[in-house]
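Right, I'll just put the structure down here and ask away after.
Which chain is which? They are A, B, C and D, in the order written, and residues in each are numbered from 1.
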Amino acid sequence: MKSLKIVPKDAFDSFVRSLAEDGEVVAPVAREPGQYVYDSVSDASALEDEDYIPTLNPPKKYFMPAEEVLFKFTGKGAPTHSGVEVETEAQAEAEEEIVLLGVRPCDVAAIRLTDQAFEDTYEDEHYLNRRDAATIIAMNCQELCDEHAFCAAMGSLKVEAGYDLLLTDLGDAWAVAAGTEKGEQLLQQIPGARDADAAAQKKLQDLTDQQEENFENVKDRLDFPAEDLPEILGEAEDHPAWQEFGDECMGCGRCNLVCPTCFCFDVLDEVDLGLEEGERKRQWDGCTLLEFAMVAGGENFREDRDERLRHRFYRKAKYLPERYDGDMYCTGCGRCIRTCLVDIDPAEVFNTVAEKPGGEAS
Amino acid sequence: MKPRVGIFSFSSCEGCQLQILNMENELLDIVGAIDLVTFREAMDPVARDYDVAFVEGSITRESEIPMLEEIRRKADVLVALGACATIGGVNAMKNKFSPEENLQEVYGDAGSEYYDTIPTRGIDEVVDVDYYIHGCPIDRTDFAQTVTSLLLGKRPYTPNFPVCVECRLKENVCVYDRDDDEICLGPVIRAGCSAVCPSFGSACIGCRGYVDQANFDSLIKVMVEHGIDEEEAKKKLRMFNTGNAKAQEVEA
Amino acid sequence: MTAQTDRNLNITVHHMTRVEGHGNIVVDVKNGTLDRAELEIVESPRFFEAMLKGRKWHEAPYITARICGICAVGHAQASINALEDALGVTPSEQTLKLRRLLFNAETMQSHWLHVFFLAVPDFLGAGSAIELVDDKPEAVKMALRLKKLANDLADMICGRKVHPISMKVNGFSSLPSPEELAAIRPRLEDARSDLRAAVDLLKTVNIPDFERETEYVALSLDDEYAWISGDIHTTDGFSYDVSDYRKVTNEKAVPHSTAKHTSHNRESYMVGALARVNNNYEHLRPEAKAVAEELGLEKGCTNPFMNNIAQIVESVHCLEDSIELIDEFLTEGLNKEDRSVEVSAGRGAGAAEVPRGILFHEYAIDDDGYITEANCIIPTGQNLANIDQDMKALVPAVLDKSKDEITLMLEMLVRAYDPCISCSTHFLDVSFKE
Amino acid sequence: MTKAAEQQGSVYVPEPATIVDKKRMTEEETWYDLRLDSGEQLDHDPGQFVEVSVFGVGEAPISISSPPSKEDGFELCIRHVGNVTNAIKKLGMGDKVGIRGPFGTGFDPDAVVGKDILFVAGGLGLVPLRSLIWTVLERREDYERVIIFYGTRSPATILYEDELKQWENDPTVEYHGTVDMADDTWKGNVGVVTTLFSRVDLDPDNTVAFICGPDIMFRFVVQETEKVGIPDDMTFLSMERRMKCGIGKCGHCQEGSVYICREGPCFSYEQIKAL
């Protein structure tokens, strides 16, 4: 049984302050009204922001930065200088410890999904080392953040794993549940934490029921259970709606870049002007971008915008779920909808292609 | 042997050459890696043969054409430097008037005999161009990257994705989500500038030219939703992009 | 004068190097008599006035910055000043100070580029700064360090010195952070010793001994060294409001130049660092005055070659002023301000002292905010007539020298003005036919 | 599990390797013999590939062309088409490249013991197949017939000419070559590779086909194998996609639920149809 404690808010705040003194603590903070980013904080006040909506970029940036050096090389590596030594130097092994505070359920779900992809067969130590150095203090959502999110429909509202600690707001105190061994240990260190009494248990149960109720209509954002998506998409390859969505789409890649479960990247070499030092780096990439699937000779396996857009949705809701035990690679966080200038909304796309072109449901 | 490099200039503000002079940290490395034989803005000329020619500026006069052709003949590699050369740049905004109108309206009767003027165009409308360094002005790291690529014998990296990509990588608040009335061209404009304009509170005005497969219809719709009319939207798209073939797509 | 009475001399320097833009020097001496001494401007005209017509008011600073890469900040500012005049906008104290800091950066970087990289090679007998890399590596590195500092300061404020980004009507669209300000301050302090070394270097160079009296024109303020505001003053004792700039410039077309020439009280006048020092010497900071004294620059100097020295003096002033401004920002903080603007039809003129001298922009705007008329008069354009006059005075005085020496001297004279030819041809006085 | 998967440290850091021999094969292709500087063997399966780095230029996936039995290193055959592949062209004997891999899933020679083996190679497609062909020939007695079809654009673009002669003269191998466009020197077959199907009688019940070549070629070849009646699960292909990592992370080569670099590049036609 995982531990559950009750921590008065001021005690929790001093706990966060002490964490921030020892290392980096980051949480969603408003850069402008309604525009949140994960940034360094020194206390727990970010948890009290009632206008919160998912951050511009997901917390993934702490495990897989937008741009990162894979390794450096020295020595004249250039092909014009033959016969010289090349040294490779891996990036720093041990990463700085970091605490992610106030991670919402959708992002907790996403972190678990990217963990799974980076652990698959070949371990990506760049991601996983940073991931190991991170502590996730998650926070339940009692109400829907905005009209774009559809987490409950994608099954990512209820967080069962992927956090070290999970907070639920009891008003003057936090209910803090441990999700991992690391979380258990941390929980023991919080001064002023007490065991949950019957009243607190009851309140927690009420909140859970209330949450269920509050999110009831969010489930309706999809016309069918999310688990049906792989099958539905399997039959919708030639749906004429793809063309229509493709005509609207600008192929700008914003949806990919802000998505917490997109993890594709491009790899580039850079060298200094003396041609003696260089680095290989990777950068976030997006499957909606024109050259994503282009190969030598210029052949492009997804030449048109509609093909690329379709690929993105298939990857989220068919290809990766088929690969990973049915796990949906869309959490319903709504980031791509908020960023898309032509309002392409996955839930709406899925509902549209689930209908037979004639109109009746498939 | 170090490649002999010439830097040439046609109609422009010379800001791209200046960007090269402004690479203070790298300048000595550049001078060490290449043999700079012509760079009028910074030095007296020493030689007339070169392997690589960087050409700044657009073609606006009949008399510039043979000069450019001569450069092309001599250079093994010709690189267009900056928006004037790559896409026509702001110079091409004058193309909305006919050459006759320009002369008459701007110079009056007195001036017309001194100047020949033709519709402004990027240099690839006149000669073959091997590589492009985009931007008004060029980005300094992009120039360095191009030089190292040429030294390594690889194709310089030219992104074919829009500014939005770099803007999201930097986690900017999108111009369209800010409370000013700016209109951003980021979704159809080629990246490579690290989204510098949106990052400094402004909007992308399109200096690096259009990406391939730009969806003008959708962006114009977006711009109209954000409060400008269609004509104004097209005008914005054309600010830097009148002098190249793709400009016609905006009209269509 | 020791001119050889029967000498024939024909000098043509095509596309002179180490200046911005394309210009030719043409000198013709027949039988010892000067027939022609002119700076021909051969830059292709770019028709900026046509470009501006029908564009929205707020696009003017972007478009006009592209007249000239080296004066981009100056054009943007003159354009903004004209628009603020036309729209009746009064920018905040903070904005004005930040603009001044930006102008300090712009002036320093431009002056240092010009003095160290374009002019000094002449004094040291080199074809370019690149040739100096082997001879005087420390001096070159120092110059690069200074220039980079000024560039970084400008980039920090406006995003990019060549074609600035955050300079807007009624404020800045992004502000430097306290961390950035704090980080650059020690670098500015360190620059004092570099600048000291530069002054010592300049003390050793030989500035040609040539005097010619002319009128000097600059912006002036009562209480500070003027860069972005003030009235137009001349050393012949005239004073005008900026909106009356045409009374000073009196442009006329000349056959040998795509740029028009200007004149006021005499055949020509001079603008730029020397003109500013001659008008505003008393407002220079004490550190700058000390350097002026050391380098032999006095108020009322009539040697155009001393313009380079005036540039160094100004850069000392800018450096000290920058440190003071940054300290103010660090204590008072920089705050995001409301930049909103009410648009209505109007006409406005703006001036700015860019490194090369006084620059004027003027626009008319209609009710929808579209530009209907534009005019712009560039410093180099204003100096052209004066350069011609200087050449006419200089050539007879040095006719005993070899052709190469005369040519070099003429080139040095033109370069001393730091001419920005790419600017000078791009605006002409035009009203549009509807 | 391949060696790379067991490797300690970053999977993105290549191992240094040295070019010990190289030979120009055609205008466009060069053959290379490489050794890992560690002295270890790649330990690959036929059909697998490595990621080859030229530092400062980039990385490219290249099939391993030598059979696993080759002692001392491995061979590649590279067509010079772009940044990395042209940079390699400039390297000489003794020069270093970086190697990661072997990656992907190759062809399994054990699974087809006792079968008639048909190889269909188009152009550069011979490179990955060559590894398997030699493996099969090394244990010739394990298989029934061995039939090789090889088509190229022209006589000038034929790869591994010496080895083709060897196969042609080998009585246990039925070798058939063709070119799309002949020249004066060419005495053999003219026409696309599918025309070779009419030259042999294939037993649909006991033949497995291994096909490798450009995308467009394999579409036509599969029509032929289907016509013959070779079942889809007895037809194997190697696919090419854009690849940046080679280990199923970067996403570029994804087709359906598989990453070509990891579950492929070798697939049965049955698997491909499902993608």
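Just so we're on the same page, a contact is a pair of C-beta atoms (placed from the backbone, for glycine too) under 8 Å apart; a residue touches a chain by one contact, two chains touch by 3 or more.
All of these numbers come straight from a predicted model, not from anything done at the bench.
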B-D against A-B, pair bridged by the larger set of C-beta contacts: A-B
Averaged-CA centre spacing for the pair subunit C and subunit A, given as whole angstrom: 52
Subunit B and subunit D: spacing of chain centres that average the CA atoms, whole Å: 44
Length of the line joining the C-alpha centres of subunit A and subunit B, rounded to whole Å: 37
Distance from the mean Cα position of subunit C to that of subunit B, given in whole angstrom: 25
Overlap residues in subunit D, where contacts from two or more other chains coincide: 56-58, 82, 87, 90
Shared-contact residues (touching 2 or more other chains) in subunit B: 148, 152-153
Overall pattern in which the protein chains touch one another (line/ring/star/complete/other): other
Partner subunit D, residues of subunit A touching it in the complex: 70-71, 73, 77-80, 82-86, 88, 90-91, 117-118, 120-126, 263-269, 271, 275, 278, 280, 282, 285, 287, 292-297, 299, 301, 311, 314-315, 318-320, 322-323
List of subunit A residues in touch with subunit B within their complex: 31-32, 34-35, 37, 56-57, 61, 66-67, 78-80, 247-254, 257-258, 268, 270-275, 283-284, 286, 289-291, 305, 339, 341-342
Residue ranges of subunit C in contact with subunit B within the complex: 15, 17-22, 43-47, 49-51, 54-56, 59, 62-63, 66-70, 72, 113, 117-118, 127-131, 133, 140-141, 144-145, 147-148, 151, 158-163, 165-166, 168, 172-174, 253, 255, 258, 339, 422-423, 428, 430, 432-433
Residues of subunit B that touch subunit A when the two form their complex: 26, 29-30, 32-33, 144-145, 147-148, 151-153, 157, 160-162, 164-165, 168-174, 176-179, 186-188, 211-215, 217-219, 221-222
Subunit A partner contacts - residues on subunit D that touch it in the complex: 4-5, 9-14, 16, 53-59, 81-82, 85, 87-88, 90-92, 94-96, 98, 215, 240-242, 244-245, 247-252, 254, 256-258, 262
